[in-house]
Each structure stands twice: as C-alpha cells, then as structure tokens.
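Both complexes below contain subunit A, partnered by subunit B and then by subunit C.
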Partner chain A sequence: MKAQDKQIGAPMNRVDGHLKVTGAAKYSAEYELPNIAYAVLVGSTIARGRITSIDAKAAEKAPGVLAVISHFNSPKVPGFDTAGKDPSQPATAGGPIKIFKDDKIRFNDQPIAVVVADSWERARFAARLVKAQYAPEKHKTNLEASASEAFLPTAAKKNPKHPMNDYQRGQADAYKTGAIKLESEYVIPTEVHHPMELQAITAHWEAPDRLTIYDKTQGTMATRRDFAREWNLPEENVKVIATFVGGAFGNALHSWPHESAAIIAAKVVNRPVKLMLTREQMFTMVGYRPYTWQKLGMSATPDGKITAITHESIGQTSTYEEFTESTLAQTRMMYQSPNVTTRYRLAALDIGSPIWMRGPGEATGAFALESAMDEMAFMLNLDPLEFRLRNYTDKDPENGKPWSTKFLKECYQLGAERVGWNKRQLKPGSLRDGEWLIGYGMGVGTFGAHRGAATVGAQLLPDGTVLLQCATTDIGPGTGTAMTQIAADALGIDPKRIRFELGNSSFPKAGTQGGSSTVNSVGPATQEACLALKDKLRTLAGAGNAAFASAKKEDVTLADGYLTLSSNAAAKVSYADLIKQGGDKAVTVEAKPGGEGQKYSMYSFSVHFAEVRVHELTGEVRVSKLVSCADAGTIINEKTAGNQMKGGAVGGIGMALMEAAHIDDRFGRYVTKDFADYHVPVHADSPDVQVAFVNQPDPHVNALGTKGIGEIATIGVAPAIANAVFNATGKRVRELPITPDKLI
Partner chain B sequence: MNQFQYVRPSKAQAAIEAVAKDANATFIAGGTNLVDLMKRGIATPQKLVDINRLPLTKIERENNGLRIGALALNSAVADDKQVREKQPLLALALNAGASAQLRNMATVGGNMLQRTRCAYFYDLTMPCNKREPGTGCGALEGINRMHAIFGFSDKCIAVHPSDMSVALVALDATVLVTGPKGERRIPFADFHRLPGDTPEKDTNLERGELITAVDVPDGPFTKHVHYQKVRERASYAFALLSVAAALDIENNTIKAARLAMGGVAHKPWRLTAAEQSLVGKPATEETFRQAAAVAMQGAKAFKHNAYKLKLAPNTIIQALKTAAAA
Partner chain C sequence: MAMNPEHDAPAGHDEARRTFLKQSSLLTALAFVPAPVVDAAAANLDEKVAGAIEKVPLKLEVNGKKYKLAVEPRTTLLDLLREELNLTGTKKGCDYGQCGACTVHVDGQRVNSCLSFAVMHDGRKVTTIEGLADGDKLHPMQEAFVKHDGFQCGYCTPGQIMSAVACVREGHAGSDAEIREYMSGNICRCGAYSNIVAAIQEVKNGGQKV
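And now, the complex of A and B:
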C-alpha cells in the first residue's frame, strides 16, 4: 500500500484479525496470573424473599476450596454504604445490587454465594454443595399482570424536561378522531444479548488499595469508576483492562454482580481470582432487552398523509433499578405528523435489571412504528414505500431543527432496487413458489449521531512507528482498524507503521463503546492527535532547520526514518534527531463536540428490505433476501462497516423469527437456559445480506463526517421481516418472534 | 461435576458386567448428551463404562436387511452407500438432526438413548417426575410449547427428541441387545416407553443391557420417502414436530405406507392406522388429508402446544406430498 493512498474508505483488513483467528488475542478469562484462584457463583432458587440460612460446610471441606463467601461472612464493601444512586446515569433510579450485603433476594438466580477454589472444576463441584434455605415472598415476573401498576420513570417525575416524560405535539390522541385509523398492540419478548464470549473477570488486588481487573466491559473508564466507588478508592488506583472483547451487544455497558463478587473473592483469598459466567447465568444476571408492551394508534388522510400518531409502551425493569430506553424516540421524529403523543412507562418485576441491547429501545419501538406504517399503507391500498415518501420530513418535526444530513430517500431507492421491490404485490399472498408463499417488506431505522469527548495520545517511536493510545474499547466493530485508517490519512504514512492501542483505563480517556458513538468521538480525537504530533515534530525540526520552521504543517511528510517536506525533498531531519529533542513524548489531544447539536438534528438512518418465504402448511419462515442501506455519513472502512451492518441484520433476523427468553411465572424462573431453547440464527437462517451505504459525509457531526452504524444495522430489520410475512401470507404478527405456531 | 470412575473395556461381556453389577454405573459412547447431563448434575453416575473400544461400528448386510452397529456414528450411517440406497429415509432423518459436529460424535445406540429436552427436566430446582420421581411434572401447567399431544400421562408430558428414531420406528427396525441374561431382540416400536406412572424409565432396556446393533429390514421404500422436520430455525434445533413418510407407489396407487411422527410423544410415534388408511388409495392430496385426520385421532393439547394439533396434520400432508413426488 502506498503511503499517499487515502486509507479512509478503503476495505482494509482488521489490524487484529490475525491475532483473533490464531487465538493470540487475549480475552478477560485468559489471563493466567501467578497463584490464580477460580470462583463460581451460587444462584438463588427463588425470585423474591430472604435467605434464612446457608449451609456451606460441605463446600468448605471440599478439595481445593479456599473460601465460600456469602452475606454471612462477606467483608464490608465500603462503597455499598456510601454509594447511593449513580449520578452519572440520570436515566436510572435505584442502583445495582450490592452483592452479599444483605439477605434479600430480588430475582431468581441472584448470586447468594461465591465459591473460590484452586481450580475451576473444584470450585464448580463445591458450588453445588452449598445449600440455602429461604423465606420466599410472592413474586411478580409477568409484565401484563403488572401493567396496571406501571409508572412514569422516577427521573421523569423529578425533571419535567427529561426525555422519558410524556410527549405531545398538536392534540393528544388525535388519531382517535381520524378519518382512517388503526390501533394495534405489539409485544417484544425478553431477548438476551448472548455474545460469543461469556462474561468474565479476572480480579487482582496488587496492593490492599490497588486493584487491577481484566474485565469484559464496553467502557474501561465507566467500570473503573464503578469499582473505585464500590471500594472508596481514588480512580487512579483501579485499572481496567479489556484489550479484546468478544462481542457484547450492550450487556457489558453496566457493572454486574459477578464482577463485584470476583473482586470481593480476590480480597478474601488474597489471590487473583477469575470468574466466568456459564451460558445459563448469562440469562439471569447480566441484562437483556426488556419484555415490552406497546400500543400504537395512527390516523391518516385517504391520500396517505399521517394526521396523528400515539405510541405508548410499558417496558419491564427490576425492583431495584429503573432501566429506561428510547423506545418512543423514532415515532416523534421519523414522519411528518401534526399530532404526536408518546407515553413511556415501566413495570418493576422480580427479575434482574435489563440493559440496552443492540439498537436498544429504538429497535423495540421501530417494530411497532414500522409495523403500523405497513398496516396503514395496507389500509390505504398504498405501496408502503410510497406511503413513507408521502410522510417524509425535510426537517426534524420534533424540534423544528434542520437535519445535519439526511439521505434516507437515497437509501430507499438503493434498497428497493436491490431487493426487487417492483415484484412486490399490494395484495398479500399473491406470490408463491410451490408451497412457499413469497412476500416483501421494509422497515426504517434511525439513531442519534452521538458524539462525546475523547482523548488520544500520539507518540513517535524510535523505529518510526506511531503509537496511539485511547481508553476506548473494541467489542467487535473494528475500532482499532478504523482508527488506524484515520491516523494513516492524518499522518500521511503507511497504516502498517501505526499501532492503535485501546481497552485500558490508564490510556487517555474516552467514553464507553455504546450508542454507535465510538468513531464519531474517538475518530476526531485520533485525527487531531495525529495532526498535533505532526505539527510538534515540524516545530522540533524547525529549531535546527529553517525550511521546517517556515513550512506549513500540510507540507510535512513522515518518510522512512525522516521528517521531510513534500515541497522540498532536500529538507530532512532524522527521527533519531527528533527523538533526541523530545520527539518521542506523547502528544495528547482531547476532541469534543461543539454547539452543532444545538443547531442541527443529527441522526443516522437506515432502511431494510426483506424478501421472505413462508411455508403455507408448516408456517416456517425463511428470509431469502435482506438488503440493508444506510446513511451513516462517511464510511471509514467499507469492509468492517459492511460487516457491522450484516451482523446487525442477522441480529434482526433473530429478533424477528426466533429469539425469546421465557419465564415460568409460577417459579419466577427462566425455562430457556441454553442455546437449545434460546435460538439465535445459524448460517442457514441468513441469506447473504446485501449492504449499501450512501457514504455522504455529514459536515456537522465531526470533521470526518461520520454518523454511526451499530444501532441502525438492527433497528427496523424485525418489522421489515414481519411486514414481508404479512405481504406473503396476509397474517399480521404483532408479538415477536414470528414462529411457525403463529402462522398456521 | 461429581467424581466418577472411568473404565474402557475391550470386550462387550466385561462392559455389560461392569454396568450390570453396579447400579451407579452407566455406558458412555459419544457422550453428546450424557456429558451435558453430568455437567448439570442431572446424571450423576459413579462409574462410566466407555464402550468405544467394542467392535460395534459396522454397517453390513444381514438377513435381507442392514445391520447397523450400535457404535456407528450418526454421520457415518447418514453417508453410508447401502443406507442411502436401501433406507434413504434413515439418512434423511439423521441429517436433519443436530449439527455436523454432533453427528460426528453421536452413535446410533446413543441417539436412541438421548433424554428428553424438556426444560423442567434440565433444571434441578424445578419439579420433574422423570428426573426425580414424585416431584410432579413442571411442564403440565407450565410452558409446554414443545410438549406431547399423544401418549402422555399426568406424570409426564415430555417428548423424545431423536430424529433418527422416528425413521427407525417407521422402518420396522429391531434393536439387538446383549445383557446379563443373554441376547434379545426388541422391536423398535417397543423399545421406548410411554411415561405412564414411571416417566423416569425412557426405554425397556434392563440394567446392564447393551445395544449392539439395529436391524433394518429391506423394504420397498427406496424412492418415495421424506423426513419433514419443522423447527424455528433452518438447522440445529430440535423439532417442533417431525414426520417420517415412506410410500410404495405403483400406477399412482399406494401399495404400502409407513408414517411416524417425532416431537409429539414420549416415544417416536408410529401412525399405523394412518398407514393402513393410505393403502390402496391414489397418491393424492385428498388421500393424504384423510390419513392426517386418522393420524390425529386421540391427540390432545396443553396450554401452549395447541398449534401442534394443526401443525401435525399439515406436516403429515406435506411429508406425504413430498415423498410421493420424490
């Protein structure tokens, strides 16, 4: 690759691809520290009540066991007494479980004890010997049964400007008096993230007041903050390392009880402790997409103009923590409608806390909104794409601001062509291939183009490598690769000479990888740090070389071993000389959003087109084509971005057709506990997903023009498939997943 | 996992003795189900008798049929030329099961002996008469989407998860076993049990009895066969229900028929009355529809599996149509 080629946009292979496929990449359960011990959690077998006794005698006597820790003997965790609700997370009320602090059971499989042993097998064996007695109380695990007790989130009650408050423009519930109207209820079951890598932590107290944890987290700094608070330590005394994260989809956005348990265990046995959850435990204690009930009312004129939308939802949360998400956001801004009402409520149940799962609330809300759009188009005898075009908005109807950029019409056109939308018939059940009914559907997604502050350090190494460091994480999208490309362009050097290190809370600070914001935030910091490094080197070179002193920084080139000027090849200063003058000191630059968010409404957009085949006798659904088109601003790496879109689309297939975690309400306990019962798509379920990007830079979000991809890859996929199933069969399924029993 | 002893005899007699004499001993072959059950504490054998050294992997001609060794791998049977020629229904059913990796480990004998996938059976904290007699049936009034519509009792409504066994019961196979009292032959239809009052017993094998082979007699079902498995995803899932269909058709008239269902009962469910209703009739959708109606006599659903009352006849019709067209 020539140094002067532009790297942004190139389909570069992942910089860590070789490490990942050869097993050299180290994940949080793979740090074999000297004298390490292993911890296994014991979970409660009731959903609500109190622990009356724990018999740990047999476990304590089992071979290799170092400790059995429960609320009866746990050391005091100082932050459990002082830390109340987390002020940095205003969307929540209450707080995470304070593990082993009291005898209260708040959900089934809540950790009640942790067994530590000298091998994982011995810890697991002993964990089964721990016997607990309970005083059970009546539990609630069913959202419908608790719907009458649903409440406005506390954060909204306290702050009338909080986005979880009821929203209204125009008249409330105006759809009820509309000429043509619909009112439909939709249900999303509990879905579980289930990344391939299980949640795992290796906790190491390097000194009584210094903690290092190798942890599966999407935010090294957020995790550092949480555990520094839990142990009343200065943040710099806690180090969080997450060099590689094997997928997360949101479930590592929060600190969970197993992490606290491992840190307590390491304190008690005074050895590093490794704790990895089982797949079964991944259902119960590390979050999930909450079961959500929604009602959507819509009215329109006979010529296809929406006159009113009301969208209500009740999402489930735990009894100890109020989890909220933006289920109703898309409804407020996606379509031109003079009257819009939204009402968001929570139902507190005796289950673990939910956490954002890819696309999060927007994906849940889009299932209702985009299904209703299809229902209304059908009532109006209109092509659903035409119906959306008739209600297209050129500015944000929620706040009246112009879009920073919006190329959704271009996405519509690209996607419709690729899926063969012209084959779609208005009348359901018109197309078939033998026993297979064929249908086409579409669903739209949008997500805020969020940007936060981020800092990147850039440093010239003696061998000419530029080392970049940032505390951000890479849960799979290829952050290190994208940053390498951005840096290569900013420095004008071969990407092979750049090393981007991340996943360490000691590196220059960055936010959590979530909400499709990493490239938007860390990208500009990387770019600015590289430009600053180049300018610093020019300044250093200028001290002894007049040609550099007067040169413009764009003129400066980093060639093999030398700093030179593109306008003057004779001017050169060796790296060795620069380093002697302090050129190897890191330049650290923070990049922050400005006031652009006040002036513009900034969103990424996507549309997904599905072709499905439904067997008329067995009700099986197969997605035969899936086309995802995105307006996500500048695409830094077409390959990794395309990969991210495909992954999100496959997640959408799971959401539409198979994913559901069921609780038996009599026991308040999941009956889906493994991949035999909780289905995620296999290769045979996924067509070769076609991805197209508009690839137009957004000049307002940041200098790179990016808007974010992660969420819009999933938002809108499930309704596209549900709408295609309706087009194939005439059957409208409003409760996901669309399994054969619902179609026959 | 509990501690256990492990032995690997090279003679069948030694293996049989080891299990016959020890109530806490059990055979292990591929281990694709047993090891899972041990990890979860559902099976707690104190001795594993590994039979993989026994010479029971052959697939050979024997008395106008195929004799398939109990240790023949699922993948080896599915790919065997004689099986594909003489008993294509069996190959289809095998390939519909599990994943390629599991089929490469699982044996014919082990496939027959796999335990139910009922979620209540798999959770030590929930009631389950099959796992712990007398604790009740969690599924009876629980989440019973996957459960039986035929042959259940109030003690157990679980289903047998094997695909292979559905084909074998349709093909009139016979199970060959050797035990402390010698050899015996068990017709496949009598191998698995209905739950009755003893759901803890899946089969009629006695302690120490070792499956050595399965005999599948030659028949006319070499062309018009189909295994229709309905599941929520395209691969690697247990059946919501499945149908094994085999027809012998001459001049568009059905001379003989075999029909069995999986995912509907505690054992692979042979549909003898429906088979008889097909004989002598033209191979038409109407005939298949009538057979499906006969097949469904006596079916009864629970709260979450009523869909099976419609899905089962639909799947029978689809399987027969596909078999006839094959």
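And now, the complex of A and C:
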C-alpha cells in the first residue's frame, strides 16, 4: 500500500469480521474457565415491600447445587456499607440496589436470591424451588397516576446551573398568546434495549483480593471502578474483559444487580461463576427507555416563523435512583424561536432504574418536537421541509454561540431527493396504491458531538507490525476497524499490519462507549499515539542515521520492514536493525479535548425521511422507504458508518410502530416478557434503508473532524414515520407505538 | 465433559444404562416405604447417583465429529453445544425460539437449537457456524457477510448465516421480499437487515454451491 492511499473514508471490511462470521468471537458467557459454576437469579414476585422469609432448603438439597445466597446468608460486600459513595453511574441522586444486603423490595423481579450449581439445568431447576414470603406494601407503577407527584431532579434543585433545571428564553409560555398555536400531548411507552446478547457475566476471583470479570459492559474502566469500590479493592486488582459485546444500546452503561450477584456467588463457592439473564429478566433489571409524558405548545406567524415553544416532560425513574436524560435539549436549540420554555420532571415508581437507550432523551423529545413541527406546518398549510427551513438557525439560539459546523440544510437536500419528497401532497390521504394509502414524513435529529479524554498505547513489534491498545469497547459500531484505519493513515502502513486491541480494563484508559463519543475521543488518541510512535522510531533511527535525526515526524513512513523518509528516498533503516538496536519502541499517549466547547456549539445533525404505506382497512403500516442523512463530520468508514445509520433507522421503526413494554399495574409486573409480546423489527419490517452523509470535517471537535453517529441514527426516525402516517391517513398518533388499532 | 470426540464422555452409554437400572431398583424399593421416609431418602441421595440417573445416552455428529455423550434429558441442543462441547458460536438470545440466534442445521434443516432437547437428535448430524467453513476457506455466505457488513455486534450473526444458507438451499431467496420473509425468524437488534439481504442476494446470484 502506498502511503497516499488514505484509509480514512474507505469502506474497509471489519477487522473482526472473520471472527464474527466463524463463531470465534467470544462474548462474556463464552470463556472456558476451569471448574466453572452456573448461577441463576430468583426474582421477587411483589413490586414493593419486605422479604419476611426465604425457604431455600429444597433448592440447597437439589442435585449439583453449590449455594443458595440471599440477604439471609450473603457475605458482606464491604463497599455496600461505605456511606455516600454509590458505586455506579449515572445516579444524580440515590444509588443503585445493593443486592442481598437487606429485605427491602423495590421492584418486581428484583433479585432476592441466586442459586449456584454445577450446570445451567441444575441451577435453573433449583432456582424454582426457592420460596419466599413477603410483607407487601402498596406499589406505584403507573406514571400518569403519579404525575401529580412529579418533581424537579435533585441535581437541578441543588445546582441552579444544572441542565435539568427549567429553561426560559424570552417570555414564559408565550405560545399561549399566539394567534396560530397548538398544544399537544405525546406519550412514549417504556422501551427495552434488548440487545441480542443476553446480559451475561463470568466472575472469577483469581485470588481473595483479585477479581477478573468477563462482562457485558460499554465501559471496562467504569465497571472496574464500580466493582473495585464494592469490594474495597484497589482498581488494579480488578480486571474487566469485554472483547466482544453483543449489542447493548445503552443498557450496559450501568452496573446492575446481576453483576454484583455473580461476583458474590463466585466468592461464596470459590469457583468461577457464569450468570446469564433470561430474556424476561432483561425487561426488569437492566434498564429501559423510560415511559415519558410530554406536552408541547407552539405558536407561529402566518408566514411560518415560530414565535414560541413550551415543552414539558415527565419521565419515570425508580424509587432508589434518579435517572435523567436530555429529553428537552433539541427543543432549546433546533429552531429559531424567540420564546422557549422547557420543564423537566421525574416520577419515581416502584420499578427498576431506567438507563439511556440509544438516542436517549433526545429521541423521546424529538418525537414530540418533530411531530409538533409537522402539526404546525399542516396548520399553516406549509410543506414541513419549508417550515423547517424558515426556522433554520445559523447559530445556537440557546447560548448564542456559533455552530462548530452545521450542514443540516445539505442533509435536507440529500434526503428529500432520495425519498422523492416532491411526490408528497400537503393534503393527507391524497396518494394511494389500491388499498394502501401512501404518505411521506420527515423528522430531524441532533446530538452533542461529545468528546472525552482517551489514551492509546502503540508499539512496534519485532515482526514489523504495530500493536495498539485501548480500554474502549466495541458494542457493534466497528471501533477496532475505525481505529485501524485512523492508525493506518497516521503511520502510513497497510491496515493489515496493525492490530487494535480493546475491551480490557488493563489497557490504556478510555471512557465508556456511549453518547456517540468513541471515535471523537479514541480516534484522536489513536492518531496522536501513532504519530508519537513514528517520532520515537525516527529518534531511534536517528542515532545511527543523520537523515532521520534531522527529519520531521510527518515524513517518516513505516513500510515493508523499513522505516523510510518521504523527503529522502535514500534514507532507510530496517526494523531488524531497529530491534537489534534495543530501546523502547512503545508509546502511550493521552488525547483530551481543549476549550473548543467554550467557543462553539458542537452537534451532529440528521434528518430522516419516511415513505409509509398504510392499509386503509387493517391499519397495517409498512415503512416502504427510509432515507437517513447525516452531518456527522468526517466519516471514517463509509461501510460501517452506513450500517450504523441503517441500524438506528431500524431501531426507529421499532419505536414508531411496535415497541412497548407493558406493566400490569395491579401486580406491578411486566406482562411483556419475551419477543412474542414485545415486538422488535424483523427482516420483514425493514426496508432497504438508504443513507447519505454530508461528510464534511468539523475542525473543532478533533483533528479528524468527526462528530458522532450512534444517536442521530435513531433520533428523529419515529416522528418521521408518525408524520408520514399522518400524511397518508390524516390521523395524528401522539402515543407510540402506532399500532393498527390506533388507525382504524 | 470430554472435549475429544474420539473418546467417550465420562458417563458413556452403557455405564449410564447400568446405573439407571440399579437406580430404578432402588426407586422401586422406595415406592413401598412410607412417603416421609422416601422424601428423606430422596433428598439425601448421593449426588453422583442422582447425576447418573439424570443422564441419557446420546450419539451425535457435530461438524463431522462423532460424539458419544450422556446428557440430561432437559439439556437443550443449544446448551449442549455451548456448555458441554464448547461450541459457543451458536448463541443464546432468548431460549424461546423467538430470535433465531441459536440456529443450527440438523440433517441439513435449520432449527432453533434452544427449542429442542439434545436427546431428540440421537443419531443426527448437526452443523454449527464452526463447521460451515472449509478449513480456513470461508463459506461463500460468510464471505458475503463480511463484504456487505451484514452485522454489527456479531451476536446474531452465526444464526443469521446458518439461516441464510438454509434460506438459499430451500429456494427461498428468490427476491428481496422473499428473503426478508424467510429470514424474519432471525432478529438483528443492531438492524443490519439491509446488508444481510444484500449478502444473501450476492450468494444466491453468485451461483456458488451453498
């Protein structure tokens, strides 16, 4: 490969593709350890109250059972008693459940015991023999019933500058006095992440004070910190391995009770313990997108200028942790409105804690905002795209800062052409194909271009290949592949000669893979580490070669077993000579954001265009076309980035048309418990999603110009579909999902 | 559990049968004893005896290797593959036959391995994702999945590929719509469906032997 053949932007195949298609990729329940034992959780059958007794005799005597652990006999977890230090994120107030510590039940199916046996079959059987008695208390699991008790998050109460505080620009609730106004309520139900890999952990105490866990996590460092704190261990005594993560979509951003349970169990039986949740348990104890009520008021002038928006929301959280998300963020910055009011509230219910689900609060908020934009455009008899253009902002109206980059208009144009927006009629129900009504809709998404500190280690190995390491994870976007491409360009070598290792807390540190921030953060660290490695090698070579001693690091190329200089074709030092020469050929480099965020508002943008076909008799909705366009800065790999966009769009189809977890409030327990009653999109639900990127670098987020893709791929999809359904049928559905019963 | 397919598993067919007969006699005798005594005796049965009585002989050919095993009747084919044969390429995604992550071929037919007990497949040939490639040479469907990026996290991928191969063999890959219908038992939560369909189309249209 020639150095000038740039890898960044190329549609390179995934570096771990071979492992994934041959079944060789190992996920957290697939490590072979000697003498492994199997753990199965027993969940509570009440939503609130106390455990009065647990009869574990039959379970303990069942064949193969090694232990039955509950709060009656659990060993003390030292970190559980450390007051004020909650070993988890993202609690803004409260703290996660301390499993098997006391008799208190905070949600239905809360783990009350763990059964450990020498096989899955025996552990599962014995778990059914554990009988508990309870003193139940009255529970609350319905958000609407608790709406009157909704409260401002504690973090906002404590800090007037906290973003969860009420926001006001211009006059409060000014829409109420507008000449043309709307006021609509929107509801999104609880949605569950449901990655295909069930949450799993293999816990192994390698010594009484040394713990290794193979875990489904989006952040090896965060998980290490959490469990080091739980067991009062130095962080270096805890190792977290997450080489492959079978999807997560946010649900592995938090440390959960089953992880603590497996670690306790491994301590008790003094063997490695494997624990994998059931699909039913995935509903109850590893987070979800919270059920959220929203009200949006908007006023506009007859010529289509928004004059005021008020957006309120109440999201559910648990009784023990205050979970917050940025539901109202997009409303404050997306459109040019002189008056904007937002109010965010929480309702604490007797359910497990929520956790950010892909495009977290923004996707929830965008459903209300982008639906209301469509409603207002209809009231004004304006094309919804034209209405958005009339309220386009060239600087951030929330804080007056310039955008770092914003190519949303370009996205509008790309998407409108591809979906055939010119076919759209203003009057709903105008287009049909036999019994199928056809409609078009659009929805806009945005998410902060977040960047954090990250460190990457790079070393030249004796065989002339380069090994890079970082603790970051890859839950599916192709992190290792993107980093290999970035490294290939920085080093000037064939990507096949680079190996990027990740998913291990022992590697140089990185943040959690969440909030579309991985490439923004780890990308520059990879780039800088590679440049630093080249410079180090140049210095080593320079000891015996004057040309290298005076060369610039940018001129150094690693190719075909030699270090060469692009500025001096004659200069050449072989790796063999460099290796012989001795000396350290490794660097570890940290890259951090500077003060860019102070000067610029940095966001990724997306727009989604949907064409739907709605059967006029059955109310069946088919998404026949979906076009997603993004301004996500530089695209490192068109193939994997495109795939990520398509996946977000498919997630949006689920949000719009099928996903809803239902609780029977009488018992406070989910009645949806598997894929037969909680529907997610399957092949037949997904059209051939088309993706287009503006692919313009953002010079302010980082030197690579990336802004992030994961969230904007989903944010705005659900309202695009809901708006298309309105355009097809004239029916405005403000409570997701849009199931046939709402259309007939 | 012995990993070497050339050797019998620790509790081989005959041994398990002998133990079962011995144990049956014990149970027959216990049947004439008052219930509380039986309960006590049952509860205190030696674990090894209980383990043996729970196991049933099973002959299985997996990826061309012949196994003689002794398994619990309640062990699913999926758990046998993953936990006892260490063939973890076959994935557990729901245990209810709803997601397709556990798809394998049994005598050439695609099945959800979580929905069938291992003992139901006595004498049959099972192919898992680990047995699809020809040594180091990937199966055309595996190649096509890599080329078209027919996955993200990779967890549903083995099931998708096993299902995709069967889909083509069955003659159910005639169009995008037909592929989508006949692949709908395999959920990809990352949403790589478009790319999976493209991969299947390529293999179907490439005319290679699948």
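Here, the second predicted complex is superposed on the first by the 726 of 744 C-alpha atoms of A that agree within 3 Å, B and C clash if a C-alpha of one lies under 4 Å from a C-alpha of the other, contacts with A are read in each partner's own complex, and residues count from 1 in each chain.
Convention: a contact is a pair of C-beta atoms (placed from the backbone, for glycine too) under 8 Å apart; a residue touches a chain by one contact, two chains touch by 3 or more.
Computed from a prediction, not measured in an experiment: that's the story for all the values here.
K.L.:
Have a look at subunit B and subunit C on subunit A after the superposition and call it: clash or fit.
P.N.:
Subunit B/subunit C on subunit A - fit side by side.
K.L.:
A:K639 in the overlay: touching subunit B, subunit C, both, or neither? Say first, second, both or neither.
P.N.:
Second partner only, subunit C.
K.L.:
Regarding the shared-chain residue A:I744, is it in contact with subunit B (first), subunit C (second), both, or neither?
P.N.:
It touches subunit B, and subunit C stays clear.
K.L.:
Classify the contacts of A:V682 with the two partner chains as first (subunit B alone), second (subunit C alone), both, or neither.
P.N.:
After superposition on chain A, A:V682 lies in contact with both partners, subunit B and subunit C.
K.L.:
In the three-chain superposition, say which chain, subunit B or subunit C, touches more residues of subunit A.
P.N.:
C
K.L.:
One more residue to check, A:K101. First (subunit B), second (subunit C), both or neither?
P.N.:
neither
K.L.:
Between subunit B and subunit C, whom does A:E121 touch in the aligned arrangement: first, second, both, or neither?
P.N.:
Touch partners of A:E121: subunit B and subunit C.
K.L.:
Looking at the overlay, does A:G478 come into contact with subunit B only (first), subunit C only (second), both, or neither?
P.N.:
After superposing on A, A:G478 lies in contact with subunit C but is clear of subunit B.
K.L.:
Quick check on the superposed pair: does A:T618 touch subunit B, subunit C, both, or neither? Answer first, second, both or neither.
P.N.:
In the superposed model, A:T618 contacts subunit B only, not subunit C.
K.L.:
Pick out the closest CA atoms of subunit B and subunit C after fitting on chain A and give their distance in Å.
P.N.:
5
K.L.:
Take the contacts of subunit A with subunit B and those with subunit C, and give the residues found in both.
P.N.:
Common interface on subunit A, subunit B vs subunit C: 121, 125, 674, 676, 681-684.
K.L.:
Looking at the complex, which residues from subunit C come into contact with subunit A?
P.N.:
It is residues 43-45, 47, 50-51, 54, 72, 74-75, 79, 82-83, 86-96, 98-99, 101, 128-130, 132-133, 138, 142, 145-147, 149, 151-158, 161, 176, 179-181, 183-197 of subunit C that touch subunit A.
K.L.:
Could you please specify the touching residues of subunit B with respect to subunit A in the complex?
P.N.:
So the residues of subunit B touching subunit A come out as 1-3, 41, 117, 119-120, 122-123, 125-126, 138, 141-143, 145, 228, 230-238, 240, 307, 310-311, 314-315, 317-318.
K.L.:
Would you tell me which residues of subunit A are touching subunit B in their complex?
P.N.:
Residues in contact with subunit B: 45, 121, 124-125, 128, 435, 615, 617-620, 622, 657-658, 662, 664, 666-667, 669, 671-674, 676-677, 679, 681-685, 737, 739-741, 744.
K.L.:
Going by the contact rule at the top, pick out the subunit A residues touching subunit C in the complex.
P.N.:
It is residues 13-14, 16-27, 29-30, 32, 61, 63-64, 119-121, 125, 194-198, 244-249, 276, 278-279, 475-478, 639-640, 642-644, 646-651, 674-676, 680-684, 686-689 of subunit A that touch subunit C.
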